[in-house]
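Below: a set of structures, written as structure tokens.
Presented sequentially are two complexes of chain A, the first with chain B as partner and the second with chain C.
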Partner chain A sequence: MTTILQPDHATMPGVSTPAKSRDARRVRGLSDRAIAWLFVAPTIALLLAINIFPLIWMIRLSFTNLNLSMSYLPLRFVGLDNFRDILTDEDVWVRLQTTAQFVISSVVLQVVVGFGLALLINRQFRGHSFWTTIILLPMMLSPAVVGNFWTLLLQPQIGPFNHLISLFTGVPPSSFSMTGQVALAPWTIVLVDTWMWAPYVMLICLAGLRSIPDYIYEAAEVDRASAWRQFWSITLPMTVPFLMLAVLFRAIENFKMFDMVNLLTSGGPGSTTELVSISLKRAAFEKWRTGYSSALAIILFVTVFGAANIYVKTLNKVKQR
Partner chain B sequence: MRTLRWLRSTAASAVVAVAALGVLGGGQAAAQGKQLTLCWAAWDPANALVELGKDFTKQSGIEMKYEFVPWTSYADRFLNELNSHGKLCDLIIGDSQWIGGAAENKWYVKLNDFFDKEKISMDDFVPATVVGYSQWPKNTPNYWALPAMADAVGWTYRMDWFSRPEIQSAFKAKYGRDLAPPKTYDELKQIAEFFQGREIDGKKVYGAYIFTERGSEGITMGVTNVLYNYGFAYDNPKKPYQMQGIVNSADAAKGLEFYKELYKCCTAPGMTNAYMQEGLDAFKSGQVAMQMNWFAFFPGLYKDPNVGGDKIGFFVNPAGPKGHFTQLGGQGISVVATSDRKDDALAYIKWFAQPAVQQKWWQIGGYSALKAVVDAPDFPKSAAFAPQFLESMGIVKDFWAEPSYAQLLLDMQKRVHDYVVADKGTAQQALDLLVKDWTKVFKEQGKEVASQ
Partner chain C sequence: MSGSVVAKGGAARWFRRGPWEAAAMTLIGGGIIMLVQPWSIDLYSYSFVTILAGTVGFVIVSHFPE
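Right, the complex of A and B next:
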């Protein structure tokens, strides 16, 4: 028979009994709940100060005519005028279309390339770790570095990209400009973004592929399912939730895309690659139209928030299936 | 016992260290009281100003600290600073177009009383610089800055290429006239076409370099050099802010078409988003025959071992069918209203306004706007580009300097770049849209805009 010895709290030094703890709390006048709040309060205060307060302030400003370059003008409440101006401005709709085209093209391409890379990397081969590191390098770089780096690569006279194209097609390297031509610039920003972020999609897909138990493939082998059939019936369906997650992350990020595109094209040629985030930055910090840009930021926030919510609900349904 | 002694000695050392830090901190604070921060753009003349400022420190004991920001983010960075009433800058060399906003928003200290007290007369400075850099409202005796860096758009050319007999004879055979720096834009285009794609010393070269930058002010600062000379004006001189038929006149549209033709026919590939630095690179690498750029860079170019000296020549912005003007650049120096060291900052301006200091400023690479310097008999011989600079300062025109200048500028950037680089619409449509944009901005600013 085993005897379990219970420690005697009352006699152990430094260990208080429940009765003593209660007394201590009473002395300090703090309940468990209050102590919990005490610990959480700094985080909540910080969150309120850097997130919630600016958001409320921005909502307030969006109903005013505030222009910081003319702050001497009286601040007027203009109701929904800023929202009406934005929603009836043809240019804003064009910028939204440009953004949508960029988001869709780049995310589709990144998913295809990322998933393909994940399928390759998922196999064991010589130099596997080395190639994985090489593939992951672009996403470790800062977008500012990527923007400047690709600006040089794409320079029509000295950049290697045009010379490479010339090598395969015979087109003179300086006869086209990837960032300066209306037909090419939108694809250039998609290309560079895919180069940078396809590895990220690859990582997520790799996690999905590695989560598929081997016995499912073994069962398929027993049933003599072809590799193609295994891909369509096992690999793809079981990685769909991961792919959808990757799409969500990349779509939100690309909707906010600013730095890389700003460095590559500054929104040009003309306004060909002017994404809505570039418009927002110009309105807020170059034209100083604070009221107008606050309203635009709210519209974008609601759009992303709404779309993301719908998407997450769909993702949950897919997971449940 | 040993532990106690160790504790005591550690505590004593800590006290000494804290005291020493305090003394050092105090010393730093004292030095900070005698320190001024001057904000400007990061470019060649800024280096000259650092050199010049050493004399001020020697005389006054006030240390100079500099905050230089690249041109592409210069306006964003410092307008943000001024808007937020920051204390980074005590003195600022702000762009000419900021003067309206800076005066109306009280970002700068008004200098009239100071000028009167120190007997600094604006009559002693080149009139265009006083109007452009100091006055708000324009053409009224209200001064917010001292003209600090006179500047305008000018052109450089490869004098060594122009003087080669085989090139000269080929040009004469083709155009029936001597190859010489152009006096008109038509001549400039001819020369640019002549050089475009030509092989010189085994290297393919291009005709001209012009501004096409989209993000900040580049293409506007380039296109206005042609537009002014084709009849473009910002508004009706008799009816302020009346732009319809002036900004978008048929002549102005012809000027815009000409700029596009020049861009299409005669620039190097890939120059779709290029401003000052790209121009300097193109010229220094021997890629272009002629380059549009600010006079501020010309001292540096003249000294360049590859393309400077007797290889480089300078000419004034060519005339057009409707006139002869050039785009004003340059800046005035102002005291920031939120500075805690206004007296020291004013002392710097007083020192900077002295003729001897202005003379040195010009000699080491800055551009003085003081008449005593630029009107001196030996001034045209003082530098290879001095005569062109002097002529240019007599024909300058500036962009809007209204408080809403940033909106007006970005609207023009968009409309012009859309037409010239992105091939969107016609020149007339671009200017019509510009009038629409500008009308909206001025109405928001509370101005009355007459349509006719």
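Right, the complex of A and C next:
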């Protein structure tokens, strides 16, 4: 550090020794705290520029009538009108209910499948590592890749999924469309989301299962407790905090879900799978109602922030175990 | 002297983090349920205020002593 900050004239011939030592003292004079700030400052500046500033700007816009398709109109302060419009709009209310239905169904399925997989993977068997890697693969893919991949799989004419269903049910493969029918489209999204994120729940549950000491099971064996009894009295209660963690995390993530649904159904057919994030995108980038969409974004942000507080609190409780 | 000790003890008794955090979390949870429930639009209309109150409350009470 000292060598880098050494001024050029210090190495020049003819520059006096006291000047050299003064410069060295100045560099050495930086306290640890100052040096720490020096290193952290660029990150803080970047965070302020790309996170905090847009947030403050969005809060400001949510109190205005800004519509980007009519940006020539003067910007007018409308107070809480945008919030009032959203919180009395039945369409937004219905989208939030659709989002809640999606969140509940997918989280329940993910927890059941993830916990089941964790119980299986927790046993030692031949090819254990190989199967663990295979199960974890979907989680490592990008939601955009998963969306495109499943769009192809679910194609009524060429997709293998319909042919597989046809093989078991006898229904012609091109007679139904998983993403195009009102009754099937919501379940398709739940299915794909579960396929992608159940491995994540499995990982959290596995951490919970591995944290249970063996001596508890040994004591249960001595007491002649059946495997079923051991599951209900030891495994499940001791994994509950981890399950809660998985539920909260997946619920928050699914509440914000956009990319995969946008690729699979774009909110259709009609508005059957239109989650609130899709409504937000439509208000902001199709209707260009910037003020209104900023207010909706703030409502979602506060909701997620509130839920995240509960999540962090639960996480700390699990850590203290 | 003893008065200030009593007052400090009283404040410490009231401003404990645990129960206040639980109350704030209940408010947040209740607000989220109000936001997505399908029965009453009035509950939906007041959901955001409830979540906001819970969240701001949580941020404040998380600075209370244990």
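The criterion applied here is as follows: the second predicted complex is superposed on the first by the 261 of 321 C-alpha atoms of A that agree within 3 Å, B and C clash if a C-alpha of one lies under 4 Å from a C-alpha of the other, contacts with A are read in each partner's own complex, and residues count from 1 in each chain.
As a working rule, a contact is a pair of C-beta atoms (placed from the backbone, for glycine too) under 8 Å apart; a residue touches a chain by one contact, two chains touch by 3 or more.
Here the structure is a predicted model, which means the values were calculated and not measured.
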Chain B versus chain C as contact partner of A:Ala100, first or second or both or neither: second
Touching partner for A:Ala219 - first (chain B), second (chain C), both, neither: neither
Contacts of A:Met140 with chain B and chain C, given as first, second, both or neither: neither
Touching partner for A:Ile56 - first (chain B), second (chain C), both, neither: neither
First (chain B), second (chain C), both or neither touched by A:Ile299: second
First (chain B), second (chain C), both or neither touched by A:Ala41: neither
More chain A residues in contact [chain B versus chain C]: B
Which of chain B and chain C A:Val318 touches, first, second, both or neither: neither
Chain A contact footprint on chain C (complex, rising order): 21, 24-25, 28-29, 31-32, 35-38, 41, 44-45, 47-48, 51-52, 54-55, 58-59, 62
Interfacial residue positions of chain A with respect to chain B in the complex: 65, 67-73, 155-157, 174-177, 179-182, 262, 265-272, 282, 285-289
Chain A - residues contacting chain C, complex: 83, 87-88, 90, 93, 96-97, 99-100, 299, 302-303, 305-307, 309-310, 313
Chain A partner contacts - residues on chain B that touch it in the complex: 75-76, 79-80, 83, 101, 104-106, 213-215, 268-273, 287, 403-407, 410, 414, 417-419, 421-424, 444-446
